[in-house]
Amino acid sequence: MLIENLKHTLSKGVARLAGVVGAAMLLLVMSGAAHAEVPGESQFVFNTFSFLVHGFLVMWMAAGFSMLEAGLVRTKNTAMQCLKNVALFSIASIMYYLIGYNLMYSGVDGGFMGSFSLWGQDDSAAAAGKFVGDGAVGYSAASDFFFQLVFVATAASIVSGTVAERVKLWAFLAFTVVLTGIIYPIQGSWQWGGGWLSEMGFADFAGSTLVHSVGGWAALTGAIIIGARKGKYGADGTVKPMPGANLPLATLGTFILWLGWFGFNGGSQLAMGSAADAIAISNIYINTNIAAAGGVLAAIVLTQLIYKKVDLTMALNGALAGLVSITAGPDTPSLGLSAIIGAVGGVLVVVFVPLLDKLKIDDVVGAIPVHLVAGIWGTMAVPLSNADASFYTQAVGVVSIGIFVIVTSAILWFVLKMVMGGVRVSPEEEEQGLDMAECGLEAYPEFRGSQTI
Amino acid sequence: MLIENLKHTLSKGVARLAGVVGAAMLLLVMSGAAHAEVPGESQFVFNTFSFLVHGFLVMWMAAGFSMLEAGLVRTKNTAMQCLKNVALFSIASIMYYLIGYNLMYSGVDGGFMGSFSLWGQDDSAAAAGKFVGDGAVGYSAASDFFFQLVFVATAASIVSGTVAERVKLWAFLAFTVVLTGIIYPIQGSWQWGGGWLSEMGFADFAGSTLVHSVGGWAALTGAIIIGARKGKYGADGTVKPMPGANLPLATLGTFILWLGWFGFNGGSQLAMGSAADAIAISNIYINTNIAAAGGVLAAIVLTQLIYKKVDLTMALNGALAGLVSITAGPDTPSLGLSAIIGAVGGVLVVVFVPLLDKLKIDDVVGAIPVHLVAGIWGTMAVPLSNADASFYTQAVGVVSIGIFVIVTSAILWFVLKMVMGGVRVSPEEEEQGLDMAECGLEAYPEFRGSQTI
Amino acid sequence: MLIENLKHTLSKGVARLAGVVGAAMLLLVMSGAAHAEVPGESQFVFNTFSFLVHGFLVMWMAAGFSMLEAGLVRTKNTAMQCLKNVALFSIASIMYYLIGYNLMYSGVDGGFMGSFSLWGQDDSAAAAGKFVGDGAVGYSAASDFFFQLVFVATAASIVSGTVAERVKLWAFLAFTVVLTGIIYPIQGSWQWGGGWLSEMGFADFAGSTLVHSVGGWAALTGAIIIGARKGKYGADGTVKPMPGANLPLATLGTFILWLGWFGFNGGSQLAMGSAADAIAISNIYINTNIAAAGGVLAAIVLTQLIYKKVDLTMALNGALAGLVSITAGPDTPSLGLSAIIGAVGGVLVVVFVPLLDKLKIDDVVGAIPVHLVAGIWGTMAVPLSNADASFYTQAVGVVSIGIFVIVTSAILWFVLKMVMGGVRVSPEEEEQGLDMAECGLEAYPEFRGSQTI
Amino acid sequence: MKLIMAVIKPFKLEEVREALTPLGVEGMTVSEVKGFGRQKGQAEIYRGAEYMVNFLPKVKLEIAVKDDLVASIVETIQKTAQTGKIGDGKVFVYSLEQAVRIRTGESGADAL
Amino acid sequence: MKLIMAVIKPFKLEEVREALTPLGVEGMTVSEVKGFGRQKGQAEIYRGAEYMVNFLPKVKLEIAVKDDLVASIVETIQKTAQTGKIGDGKVFVYSLEQAVRIRTGESGADAL
Amino acid sequence: MKLIMAVIKPFKLEEVREALTPLGVEGMTVSEVKGFGRQKGQAEIYRGAEYMVNFLPKVKLEIAVKDDLVASIVETIQKTAQTGKIGDGKVFVYSLEQAVRIRTGESGADAL
C-alpha cells in the first residue's frame, strides 16, 4: 500500500522527483518490514487533509504579502496596496479555475502546456472505491485544486510589491489576469505538470523557481518597463529612500509568510498517508524553519557590520529570502545545511537591495532580491544535497523559465501600455498618492503624514 | 461503517440534511465497492481533529472581526472596539457553557428549544469502545462543543460592528450575555438542534441564516433603537462620512475572516472520517474561496463603474458578503455557480451600504449588508443547486428567525434602556470618543488625529 | 495497541504524568472493549500531524508576542521590538538545534541535564516498521523537535517584553543565546526530559512553570538588574505612565496568542493516535479557551470596579494570564474549574501590575504578572483537579526552577554588563528611542508622534 | 494687514470656517495643537496608574486679513466657536508687515 | 528682526530649504498644517458617500532673520516654492521684538 | 501684550510648563514641529541607503502674556529648557494687538 502510494506520488509528479527521493530512500530501508498498516481510505483522508491544512496556510500568505507590502509603502499608497492584494487573490482564484489548472496539469505529457478548459472535479476513482494505488488519485480532486490555486496567487503578490506606488490599478489587475491564467500555468506545466523540464530531471520541490522566481522575473520586467518612482533616483546617482510607513505591519506580514511557508513546503510533499510521508513533511518543516532563521541572522549580522545599525526591513527580507532559498529542496538537506542555504539567501538580500538601487531598478519592497535572486540560489543549491539533481539541469530550468517569463511579461506590459494608454499613473497622481488618485480614500485618514518631513 | 457514520451524521443533524446530500449521493455511488476501510477509531480521531482544526480557524475569526472593526471605526473609538470584541468572545465562551449549548442541542426533538442546563462532556460511548455507528457519537464531545461555541461568538461580533462608536460598553455586554446565552441558542435549536425548522426541511449548511442573519437582525434592531451617530446624517439628508481610521487593519481583518471561513464552512460537514467526507469538505473549501473572490470582484467592478474609483472598504465587504452568501450551501453548487452566488453578494453590498444611509440606519462597518442581506440571499440561493431545498421552506426559515430575533432583541434593548438608564453614551462622550470616555485610554496615544480636519 | 501507545507516552514523559492521568483513567474504562482499531502506522501519522499542526500554532505565537509588544511600547521603540522578536525566534531555532534539544532530552535519566550534542533526527524505529509500542517512538523525530523548539522561543519572547525600551539589542540577543541554548533546556530536562523533578512527581502539563515562569523569572531578574526606564518613577514615588502606542496591534497579538495556545496546550498531549488522546486534546482545547475567557472577564470587572473605567490593556493581559494559569494542567479540571483558574489569573494581573510599579520594577508589557505570577498560580492549582499532584511537589518545582533561573540569568546579565560595557543604552539613546539609536530607522516614519505631549 | 490666530475646540472648525466665508475670508491655515489653560485635562488610566493628560486637543487657525475685516472676523470667531464651556479657546491678533502670494508673486493685501 | 512665515506645498520643502542655505538662513522651524484657500479640496468617496476634503496638506515654515535678509529670503521662497498652479501658498512677514538662544542665553540677532 | 513663542526639545516640555506656572502663566498652546538649525539631523539607513533626516522633532510653545511678565518668562524658559547641548531651541517675542477669550468675549489682558 505504501509502495503503491509512493508510486502514485511518483507518477503524478515525476516533476517533483527530487522531493520524493528522501522519502524513497527511507522507504527502501522500511520495505523489509510489515508496515503497510494505513488503510487506503485512511490514506486518502490523510492526503486530502494535508492538502487542506497546508493549503489554508498558503492561502494565509495572501494576508502576509498584503501586510508586508502595506507596511513597506508610504501612507499615501497603502490602501491601494491592500486593494491590489485582495483583488489579485480573487483574480487568481477565478482565472485558475477558468484556464490555469488544466493548462498546467491536463495532458501535458512531457510537452509545453496542457489544455485550455475549465477545471472540474473528478473524484470517480474514489467513488469507485479506489482510494490509493493503481488507477486511484489518492486525494480529493478539490483539495489538490485548492492547494495548487493558492500557489498561483503567491506569484502575483510578488509583482504587486515591486511595482507599488506607481502602477495603475487596472493595468496591474489586467497583468494579473494573464499572469495567473496563462504565464504561470504554462511554465508550471513544464515541471509540475509533467512537461519537458520534469522529464529532463529538473528539481524544484515547492517552487523556488516555479513560483518565486517567476514572480521575481515578472516583477523585474515590470520595474524596468514601468520605471522608478518619481524622485527616487537623483540625476547625480543619489538614492532617495522612501521609508515604509508602518514597520510593525511589515513584521506581521513576515511572520504570516513564515507560518504560511510550512504549508507551502510541507504540503508540497503531496501526501501524508504513510509514516514515510509524515516523516518527510516533518523534516521539511524544520528545514524550512531553520532556513528562515539563518536568513534573519545573516541579514542582521551583515547590516550591523556594514551600517553599524541593524536594519529591520533587511531582517524581514532576510527571513523571506531564507524561506525562498530552501523552497526548491526542503526535503533533502540536513538541518545544518538548511541553515546555511537560508543564510546565504539573507546575505544575497543585503547585497542585492542596494545593488538594484545602483542600477536604478526601483523595487519598493525588495521582492526581486527575495524572490528572484534567492529563488535562483535555492534552485542551484538543490544538487548540494540531492544526488538526483544536477547543476546543469537546474540551470536549464532557471534560464528557460526566466526567458519565458521575461519575454511574455514584457510583451504583456507593452500591450497594456498601448491598450490602456500607459500602465503608470500621472506624476501628479503619484505625488498625491494612489489612494486618493485611484481609490478616493485614505488608508489612515486621521493620522496626518507628510512624505516630505 | 461508513454508512453507519453517515446515518449518525444524519440523525444528529436532520437539521443539516441539505448539506449532507452531496456526500450522500457520492456515497450511493460508492456503496458497491469495498471501501469501508477507515477503522472506527480512526474515524473518531479524524472527525475530532476536523472539529478542532476547523474550530480553531473559526475562533481566529474573532481576531478578524476585531481588526475589521478596529480599522473601520475612528481613532477615538478604536480601543473600545477592541475591548468589546475580546469581551464578547469571552462572554460567549462562558454563556454557551452555562446555558447555550444544551438550550440548543439537548432534547429539542422537533420543538422550539432544548433544556436549561450546564453543558458537560459525555464521552461514554467512546469509552465503551463505540466510536462510530449505532449508539456512538463519532467524535469527542468537547470537540463538538468547541466547534459550536466559536460559532456563537460570530453572531455577537456582527452586532458589535454595527452599533460601534455610540453604544455603552456595559449595555452591549449585557446584550451579548442574552444573545449568546439565549437568543442564538433558541433559534439555533430550531434547525441544528433538530427542531421544527429542520423537520420542515430547511437547509442552512453552515449558517447564512442561523449565524449571520441572526447577527444581522440583532444589529439592525440595535442600529434603529440606538440611533445614528451624532452628526452622521444632516437634517437635509446629507450623509457625513466618518472614514475608518486604519484600512490596513480592516484588510487584515478581512483576510483573517476569509481564512477562518474555511473552518466555518468546511468544519460544518461535521465529519471527516471517510473519503466521502473528505471530498465534501474539499469541495466546500473551493466553493467558499471562489464565492469570496466573486464578491470582491463584483464590488470592485461596481464601485469603479458607479464612482469612477474603487472603494477598498467595499471590496473588503464584498469578500465577506461573498462568504456569507455561500455559507448556507457551500456543499452543493458547482465552482462556477459558487462564484456567481458570491458575486451577487458583492453587488448587494455595494447597493445596500448607501441605501441604509438613505434610510438613516447607521451601520458603522457595513455588517447589515454583509451579514443580513447577503445571509438572506445565500439562504434563498440554496435551492438553485440543492434539490432537497425549496424556496418556500427557505423563506419560512428566514422570516421566522428574522421575526424571532427582531422581537427578542428589541425587547432586550428596551429593557436595557430602562435598567441601565440608556444604552447610549452621552453626546459629550460620543464627541470625545468612547476610548477616553469608557476606557480612559487611547488606542494610538501618540498619533494625534483630529476627527475634524 | 492503545495501551502500548499510552505506555510509550508514559515512558517518554513520566514528566507529564499528571497530564496523562485523565486519558489514563478514561483508558481504564475503555480497556474492556475491543477498541484498538487505529493501525500503528495511522497512529504514527496522527501523532506526527498533531505535532505539526499544534507546532505551527505555537510558532505563530512568535507573531503574537511581536504584535503585543510592538503595540505596548512607545512609537520610538517599536521597530526595535519587532526586530528583537524576529531575531530571538531565529536564535532559538538555531541554538535549540546546536545545543538545546539534546541538553534537554538526551540521556537525562532522572538527573540534572542531558548531553551536549547536536540534534539529529533518528527515525530508525519507524523505518524498521515499528510505529508505536515497544521500541517505537510513535511520531517522526522532526515533528517532535519542531514542537519542542517553538516552545523555547516563547520563553525568550517573555523577557523581551519586560526589558523593552532600554536594553541594548546585542546584549539582549546574547542573553537569548544562553537562555535558549542552556538555561531553558537544563531546567526543562528536570521535568520533560525525565529528570529529578519528574521523578518526584511534579506536574506541569504544558509549561506554566517550565516555559512561562522561566521566562517570567528571567524577565524579573532582567528588569531589576537593568533598572526602570528613565523617567518612569519619580523620586516622590509617582509613576509616569508611558502608554503603548498602538493598542489594536496589542489586541491582535493577544488573539494570536490565544489561538496559538490551542497548539501549546493541545499539542502537549504529545499524541493523537487514539480516541482517548483525541478526547483528551478536545478537553484541553475547551479548558484552555474558557480559562482565557475567565481571565478577560475578571480583569474587565475588576478594573471597572477599581478605576470606574475598563482598561483594555488589562483585559488583554487578563486573557494571557488566564491562559498561563491553565497551562500547568489543562487536561484534568472541569470546564467550570478551568474558568475559575483563569479568572484568578486575571485578578492577579490587575493586582500585580500596579504592585510592580510600587516596587519600581518596570515591566513594559506586564509580562511578569502574566507569565510569572499566573504561571506560579497555575502550577499550584494543579492539585485542585489532579489527584496525582501534590502542593508540596508543585512548590518544590516552582521554587527550584525559580532559583535556578534567577541565579543563572543574574550571572548572565552581569557577565554581559562587563563584557559589553553595559546592557543598557545611554540615556540620550533612550530619550531618542531605540529605533533611531540602534536600528537607524523609524517604525512609523510618517506619523509624527511625540512622547511628551 | 493683520494676522488673526485663533485656538478653538476641534469640532467647531467646520462651523467657524463656514461662518467666515461670507465675511470674505478666502483662505486660512489650520494646525492641530494641544492646549493648556483653565480647562484641566482628563484623567487617563494606563495599566493601573492614573495620570492627567494636561494638554487637550485644539485646532489653531491662522488667517491673514486686511485691517478693515479684523473686527468682524474676530467677533464671528468668538461667537461661532463659543460653547460657553471652559476651554473654548482664544483669539489673538497681531500685525503683519508683508504678505506674498507664491503662485503669482503679488504682494500686500492683494496676496490674501 | 523679522519672522518670516511661509505656507508651501509639502514636496517643495526640501528644495526651499536648500535654496535658503546660501542666503545665510541657519535655522527654521517647520510644521505640518492644513490649508484652505482658492484651491479646493478633493472629493473622496467612503462607502458610497462622496464628500469634500476641504483642507489640503501644506507645510509651514517659520524663519527668524535679521532685517536685511528679509527681502532676499521672501523672494527666494516665492521663486522656489512656485509651481504656478493654484495652492502654492503664501509668505507672511512680521516683526520680532526679541530672540533668545536657549543653549547660550544670547539674545537679539546673535541668537538666530 | 506679547506673544512668546519658544521652540524647545520635546522632553523639556513638562519641566518648562511646571516652571512657568508659579510665574502666573495660565495657558499656552503647544504644537509639534520639526526644527532645522545648527544641530544637524541624524543619519538613518533604509534598505541599504543612508540618508540624513535634517529635521529634528521639537515642541513649539505659544504663550500670550501681559507685557510685564515677558522678561521673567523668557528667562525661565531659557533656563529650564537649557541642556547646554546644541539644539536646545529658541525663544521669540512679538507684539500682540488684541486677545479675546472665546468663552466670555473678554478682551485684552483679561482674556489671557
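For reference, chains read A, B, C, D, E and F in written order, and residue numbers begin at 1 within each chain.
By definition in this document, contacts are C-beta pairs under 8 Å (C-beta built on N, C-alpha and C of every residue); 3 or more make two chains touch, one makes a residue touch a chain.
This is a predicted model, so every value here is computed, not measured.
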item	value
Where chain C and chain D overlap in contact partners, by chain label	B, F
Each chain counted as touching chain D and chain E at once	B, F
Same or different residue numbers at the chain E/chain F copy interface, by half rule	different
Rotation angle (°) superposing Cα atoms of chain A on chain B, nearest 5	120
Interface copy of C-D among B-E, B-D or A-E, judged by whether over half of the contact pairs recur	B-E
Separation of chain C from chain F, taking each centre as the mean of its C-alpha atoms, in whole Å	47
CA centroid of chain A to CA centroid of chain C, Å	32
Numbers and ranges of chain E residues touching at least 2 other chains	30-32, 34, 44-46, 55, 94-95
Shared interface positions of chain B, touching two or more other chains	39, 42, 49, 53, 243-244, 246, 252, 307, 309, 311, 313, 440-442, 444, 447-448, 450-451, 453
Touching pairs among all chains present in the structure	A-B, A-C, A-E, A-F, B-C, B-D, B-E, C-D, C-F, D-E, D-F, E-F
Contact set on chain A toward chain B in their complex	39-42, 44-45, 48-49, 51-53, 55-56, 59-60, 62-63, 66-67, 70-71, 78-80, 82-83, 85-87, 89-91, 93-94, 97, 118-121, 123, 126-131, 139-143, 145-146, 149, 169-170, 246, 249, 252, 438-448
Residues of chain C that touch chain F when the two form their complex	431, 436, 440-442, 448, 450-453
Residue numbers on chain E that touch chain A, as the complex places them	10-11, 13-14, 30, 32, 34, 42-46, 57, 59
Chain B residues within the chain E interface of the complex	239-241, 243-244, 303, 307, 309, 311, 313-314, 350, 353-354, 357, 366, 453
Complex contact set, residues of chain D against chain E	3, 17, 26-31, 64, 94-103, 105, 111-112
